[in-house]
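Let me begin by handing over the structure; questions about it come next.
Chain naming follows the written order as A, B, C and D, and within any one chain the residues start at number 1.
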């Protein structure tokens, strides 16, 4: 589903990724690790066309991301669920409305998704704060809301950037289980995280692989993880 | 044409779903509505002023420039014959609307400041005065002069140019001043609404970037904002124009001021004169917001 | 007083350290500067207009209302004696600035429209005309009338009231119109600058909340913003006034228009008339920003 | 240094803390844990007077927080270093300038603190991005910058809300070491975190205690942690 071929990326002068190549086949489950500032968020942004590669080719759903026009990018994003590291919301809409926003944008707002919404809120433990507004919820609740928003449309690709940074261990386990569930339904999942415990926990439940960014390259980590 | 109106209607009704993403209230609303209202108010006033001075200039122009006088000195021999000759010439001059011999009573009134009400015109060598009122197109003064010289050599033709020029000039300068003010106000209105739209969009930077990130199309995002601000601009302008008309209605009317300055307030259908101000404001708000929204959107990945 | 100026100076120079926390550019700058400039421009124009109509009204008032005429019909017996009696009365009337007997040549000019340039005044029963110019305070017309009736019964006193009333009225209405426009523009200026300051502060909500969280005192935060926006308001107003003066300078001067409408452009020191506009704008910007900043700060914990 | 006496707190209608009492003596090192949404951030906000207790008394530096006027609150905050969960910066100032901001505000900007600044930047690993602007740095870099900003003035009390949420394990260890160093210099430290590994790591280096929020109460956790 996602294919990097010789992709380089530089911010201003400093190069971050240098001729990176890898592929995430449909239905695969990957983690992305690397030290802080190594380029995890940058790589994820490249996947949903928030950044354009300086060189090389990125194919998502088989399409070259560089050839997409603005509406093409919008269409791509409606089929890719992204949990951003800085979870931003519309502060004048309730948490539930924020989570349902992607259904509105893709024109699917209707009975079906409202059913989904309630289930999803229960699963991520946000049923109680569903009618609160984003500035009124805690850091962990924000992160869970961001995940729920990324999943509401059941997108084919799920990209999550540090989805458990502010969340306690039990809740992180729950969210992981949800992602594994979706993976089993055929969704492609990529999770950027620095939490080794989470990666280890996943290993026991799903066929997952770990990508590691090091020295401007993406390496497939061995069995040592 | 029907298509356009339908489209405008659809645009104004909007999409309730898309609508919700724009924060409902806040300082940006007040700013936009007030800017539109203030400028529409001033535009209404300037327009009324321009129109009033326009009416004034027209009046002076028609009263003064369309009238001229032919004078036959009382000392002239055959004054009566000459007068008749003049009247004959005028009857066949194209462009003359009417002419009349100013009668004794009227002359007495005009000379009163000089000789007092009690004067006996018989004693004065008062000339015969013939007032001519032109058609709007005017007549060929040179030709008339020429014909008068031939047929009534004692008649002196006075175009009043000397007297009317400064008044018409002054009225026209006032009129120009009004139009200049109006142009400036419309320009200010455009810039103000543009800046208000920009500031509102900048304040909603996060909303727009979130919408873009979750896959909303540019057109969808822009439309919700453009619609909101167009309507706000319209509402502000309507408020401003209404306040302007109210202010005009409350102005003292010209009344007895001897018609020197016609009232600022329009009459009858004239009250509808500023309907175009909200329309122009709406169009400006529409274009300004669309441009600002598109620029902001294009800056987002 | 020196303390105040020193404080103003210290305020305007500011604290370079505190200064840096306010983002240097952006739409809020353009908005504030433009709003101040546009309104200052309009205020300058309205002020110039009011002042010009003021001068016009003054001129008409002084030319027409401060002059009056005494007429002694030529048929009067002892016209010369009566004239001397009138002059004697005028010499002892308080409030009379000057008076003079209108000479033959001038009378000929004034009567030319009636009788042509070629008239022989000897043949006309032209009255003796004495023009009186009042002091600014005026004189007691009734008393003069009374004394004239006693000492020169044939003299007819004419205050010109009939002629001057409509002109002075019209000029005064224009003047009022100008002041009303000016008041409206100043009010708009105040609201516009207030809204611009509010919108700028709202856009800087994060800056202010961060400063507050790291322990900056309210006064310290407010001052940096207030200073910045006061200066922007001042700069905008100075630009607006300069543009306004430029526009006035480019206006055609009244020149030969027979003094009917005096030029809009001021003369000499008069060019300094709008200096108070930037000062007022600065004060408004200062108060508006301080109020908005304090309100925003008080909403933060 | 910080003393809670029968403190209750309610947002709108829902009560979060109910008659909580505890004390952090000078020079102590405490962790604060509890599930997401239990009120960790709320408790920390009460400590630096960003929130006012609904009932009870909070004493910081021996002063009743409820009696402070606005300038008193500002003064308090200049002597308490806070790492906020949502790290906010002035986006028009560089990272280094943002970190130095508290010295400007407290009027200590000078040679001494510039020396500190360079050391601090090196320690938290931000020397390379010191001249970048906050929107240009990664999530983990932001968190470290927030910590550096909290420490620049060497405040007597340090409150850190999830300072390692987005940071890899080695860097988290480094930051912990810095906090322990400061604690040994006599500073009072309180760290809200859900990362049990971090707490365990600290236990081996410093005399630390764990406060746990549960059932609207703050409990001193036993040896089981």
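We take it that a contact is a pair of C-beta atoms (placed from the backbone, for glycine too) under 8 Å apart; a residue touches a chain by one contact, two chains touch by 3 or more.
Here the structure is a predicted model, which means the values were calculated and not measured.
One simple way to say how far apart two chains are is to compare their mean CA positions; for chain A and chain C this gives 68 Å.
Chain A and chain B have Cα centroids lying 62 Å from one another. Note: centroid distance chain A to chain D, computed from Cα atoms, is 29 Å.
Within chain B, not a single residue touches two or more of the remaining chains. Annotation for chain D: no residues touch two or more other chains. Judged by the touch criterion defined above, the protein chains form a single closed ring in which each chain touches exactly two others.
Pairs of chains that satisfy the touch definition comprise A-B, A-D, B-C, C-D. The residues of chain A lying in touch with chain D in their complex are 11, 33-37, 40-41, 85-86, 125, 129, 136-141, 144, 161-162, 165-171, 194, 196-197. On the side of chain B, the complex with chain C involves touching residues 26-28, 30-31, 34-35, 38, 41-42, 45, 49, 69, 71, 73, 110-111, 113-116, 118-119, 123-127, 129, 156, 158, 163, 165-167, 169-170, 173-174, 177, 180-181, 184-185, 188, 191-192, 195-196, 198-199, 202-203, 247, 251-252, 254, 257-258, 260-261, 264. For chain A in complex with chain B, the touching residues are 45, 49-52, 70-71, 73-79, 82, 84, 88-93, 97, 101-102, 104-106, 109, 149. Chain contact summary for the complex, chain C toward chain D: residues 17-18, 20-21, 23-24, 206-207, 209-220, 297-298, 301.
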